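Look for subunit A in each of the two complexes below; its partner is subunit B in the first and subunit C in the second.
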Partner chain A sequence: MGKAAEVFLGILTAMGGFVEIGELVFTLTAGTRFGYRLLWVCVLGTVGIMAYCEMAGRVAAVRGRPVFSLVRERAGFAAGAVTLVASLVVSLLTCAAEIGGIALLWQLVSDGPFRLFVLLAFAAFAIVVWVVPFQWIERVFGLGGLMMIVFAVALVSIGPDWSEMARGFVPRATSGGSSRDTLLYAYVAVALMSSIMLPYETYFYASGGIEDDWKPQDVTLNRVVVLAGFGLGALLSMVLVGLGASFFAPHGIDPQAPATAALAASDALGRTGLAFALGGMFFAFGGAAIETCLSGAYNLAQFAGWPWGKHLQQRETPRFTLAWIVLLLLAALLVLTGIDPVQVVEYSIVASVVVLPLSYFPLLMVAKDRHIMGSHANGWLSNVLGWFYLVLVTLAAAAALPLFFLTHEGQG
Partner chain B sequence: MTRPLHLLREVLDHEVVDVDGVSCGMVDDLEIEWTPHGPAVAALLLGPGAWSRRLPHWLRAPVRRIFGSAIVRIPWREVARISETIALRSRADAWGAGALDRSLSKWIARLPMS
Partner chain C sequence: MRISFRLAFLLLAGGCVAAQAGGALDDEAAELRIAVGLLRSQASELALLEQQAQRGQVPPRYVRAHASQLLQAVERAGKQLSQARTPLSARPQAELAQAAARELTGELTRLRSSGRAQEASSRPSLRARLQQAEQALQPAS
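== the complex of A and B ==
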């Protein structure tokens, strides 16, 4: 494949894989409850995930070493182990949320028992990860996720108040609301940012770079894919905020269940719209379910020095293979306990934001270190953004749990 | 030409790779012995028995109950090269590293497309 085609495919894949269930739920919630007023958080979160994924991808390309091994080399065993355990818990919760979301989608299409769909999803993804090569998993689910562009078409055909939407990009506090409104606004803002900057994405992205055999000359490819792919993906998240504001709020629908998003597409574009929306969500959630369970296994294997990677045969990477299977299974079992899948989404997002500083700090230390990265160490822009977002996510992490409880788990 | 080796930065917590390029774990600890020339590294220590010693005291007992306390000891003379990873002159199984991988691998190899 030509270089241009590879870049183009990378961009589309990154775009299609950008939105997953937590992000879908919280963009719609933000739009429904606060109109366009939280759009600025989408921009803030997107620049943050771009900055950190660019660093992670660059570290992987330059050193050919997985980020989690470097974390252990730099931070030592104990600090590395804390980061590892936290990242595993979050990967598990996120994976469970995606599997639950898919079971809900299937239930919408064909009326059947929820638990059966959970088991089917587990079996389907286990077979996909076992059989399909890494690049094709990335492409099929990434490109399939692009079907969610139907939401952008729906938004345009609904015709939102564009000037009001544009004003949403300027941060504002809630105007004249009660303190409860302010708390809820802060909670949704923090959750929305967390859902865009999910910690597993950074590590998965870097491990993917090693799976794809990136070399130091690929740092530009990495930069272009991150900027263009995530930039376009972020547009999709803004579209979802817009749909919350211009469709769900006026209709008085609270889009808590992820599948309700499809309503907006079917209302505006009929059955075709509905099909595209459901298909897009399936690939987006499915891709994220696979990525989270692989990401947990990558982290564990890289921390412990086990052979790892989808580019090897499964029998060459026994403990890594066992790790992703166990993670996927545990995630499915978690959903099978009967816990509300929407609640799992919420927990996974809150847990993620608490873990974010732990995952970002070692990465920043490695990426800016000239001994490790040589001439590819962070420039001033990466350093400024890196420190800014590290402080920001630390504040968000400190605020997340109090806000979660003060707003009664986001119910206001 | 020799240069000083920074054991904590360049050896401890680095990945150990055997002569076939197979990862066989991380350097979890170092064994130091006293020689006529002063202290010297005698061996690389890998495995739960080695890394559990680096955890806070209260965590050690429960961690050892779960992961065991096996230690793989690889004599320092087996180290061929120290760069991104610690490369060995021999195969991992000569030292008992990756035993779990080999037995698991046999099971996985029975499955289709493994």
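== the complex of A and C ==
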């Protein structure tokens, strides 16, 4: 494959894989509850995930080092182990939420028992991860996720208030609301940012760079894929905020489930729109389920120093293989307990924001170190963005739990 | 670096303590208001689903499956409603919401088996009643 085609495919894959169930729920919630006023958070979160994924990809390309190998080296065993456990819990919760979302989608299409679909989702993803090569998993699920563009078509056909939407990119506090509204605004802002900056994306992206055998000359490819792919993916999250504001809020609906989200597409485009929405969500959630279980296994293997990677044979990576199977199984079992998948989404997003600073700090330290990275060390812009987002996610991590409880788990 | 990690853990612990203290800010009817809000949203969703079913924008098979998922959500909201702390002054809203939950359950059960929307829907008035109840439960700013 030519370089241009590789870059193009990388951009499309990154774009299609940007939105998962947590982001779907929180972008729609943000739009429904606060109109377009939280669109600026989408921009803020997207620049943050771009900055850190670019660093993680660059470190992987230049030094061949994934995130958790750096965490252990830089933070020491004890602090690194705490970060590892926290990240595994987040990966497990996120994977469970995605599997729950997939089972809900399959149930919509074939009207069968939910628990059966959870088991089927586990079996299907286990086979896919076992059999399908890494690049093809990325491409099939990333490109399939592009079907979610149907939501953009739905938004345009609804015809939102574009000028009001443009004003949403300027940060504004809630005006004239009660302290409860202010707390809820802050909670949704933190959760929305966290759903865009999910930590597993950085782990998976860096490990993926090593799976793809990136070399220092791929630093530019990394930058282009991150900027264009994530940038276009962020447009989709802004579209979802727009749909929340212009479609669901006027109908008096707080969309919390994939089935509800699909109604926006079917309202604008009928059965075709419905099919694209369900298909797009399937690939987006499916891709995220695979990425989270692999990401958890990558983290564990990298921390423990085990051989890892889909590019190796399973017999060469027995502990890594066992780790992703166990994670996928535990995620399925968690959903089988009968817990509401949407509730799992809430927990996974709040847990994610708490893990972010623990993972980002060691990464920033390595990416800016000229002794390690040589001429590929952070420039001034990467350093400014790195420190700014590190402070921001640390504050968000400190605020996340109090806001979660003060707003009755984000319900108001 | 280790000091920074300790600082992060301290911040996290501080957050947890603040969250515990947060319970004091609670308003009395919050649990009830949240449950009523869920039912209002579910009644609105049912109205939209029926509207789309009547227009042929979604197939009957999908309507049945969606109604089935919505029914489960209504049952969860109903359970939340029955467990919610209800101050004496909010009894009328609680009773209205319980009646609405029963009505919604009945409608969704019917839709789940038929997959066809009724011509004259009562959902707009149901939604309006729940919305009124939700507004009455808002705490004074």
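We take it that the second predicted complex is superposed on the first by the 412 of 412 C-alpha atoms of A that agree within 3 Å, B and C clash if a C-alpha of one lies under 4 Å from a C-alpha of the other, contacts with A are read in each partner's own complex, and residues count from 1 in each chain.
FYI, contacts are C-beta pairs under 8 Å (C-beta built on N, C-alpha and C of every residue); 3 or more make two chains touch, one makes a residue touch a chain.
Quantities reported herein were computed from a predicted structural model and do not represent experimental measurements.
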- Query: If you count the residues of subunit A that each partner touches, which comes out higher, subunit B or subunit C?
  - Reply: C
- Of the partners subunit B and subunit C, which touch A:S91 in the superposed model: first, second, both, neither? neither
- Message: Contacts for A:T46 in the overlay, against subunit B (first) and subunit C (second): which applies, first, second, both or neither?
- Response: neither
- Partner chain in contact with A:T202 - subunit B first, subunit C second, else both or neither: neither
- Query: Is A:A399 contacted by the first partner subunit B, the second partner subunit C, both or neither?
  - Reply: second
- Based on the superposed arrangement, let me know which partner A:F77 touches: subunit B (first), subunit C (second), both, or neither? first
- Regarding the shared-chain residue A:L358, is it in contact with subunit B (first), subunit C (second), both, or neither? second
- Task: Pick one for A:V109: touches subunit B only (first), subunit C only (second), both, or neither.
- Result: second
- Common interface residues of subunit A with subunit B and subunit C? 76
- Item | Complex contact set, residues of subunit C against subunit A | 1-2, 4-6, 8-9, 11-12, 14-16, 18-20, 22-23, 25, 27, 30-31, 33-34, 37-38, 40-41, 44-45, 47-49, 52, 56-59, 61-62, 64-66, 68-70, 73, 76, 127, 131, 139, 141
- Message: Quick check on the complex: what are the subunit A residues that touch subunit B?
- Response: 63-65, 69, 72-73, 76-78, 80-81, 130-131, 303-308, 313-316, 318-319, 321-322
- Note on the structure: In their shared complex, subunit C is touched by residues of subunit A numbered 74-76, 79, 82-83, 104, 107-111, 177-180, 251-254, 256-257, 259-260, 263, 266-267, 270-271, 274, 340, 354, 357-358, 361-362, 365, 394, 397-402, 404-406, 408, 411-412
- Note on the structure: subunit B residues touching subunit A in their complex are 9, 13-16, 22-26, 28, 46, 51, 54-56, 84, 100-102, 104-105, 107-109, 111, 113-114
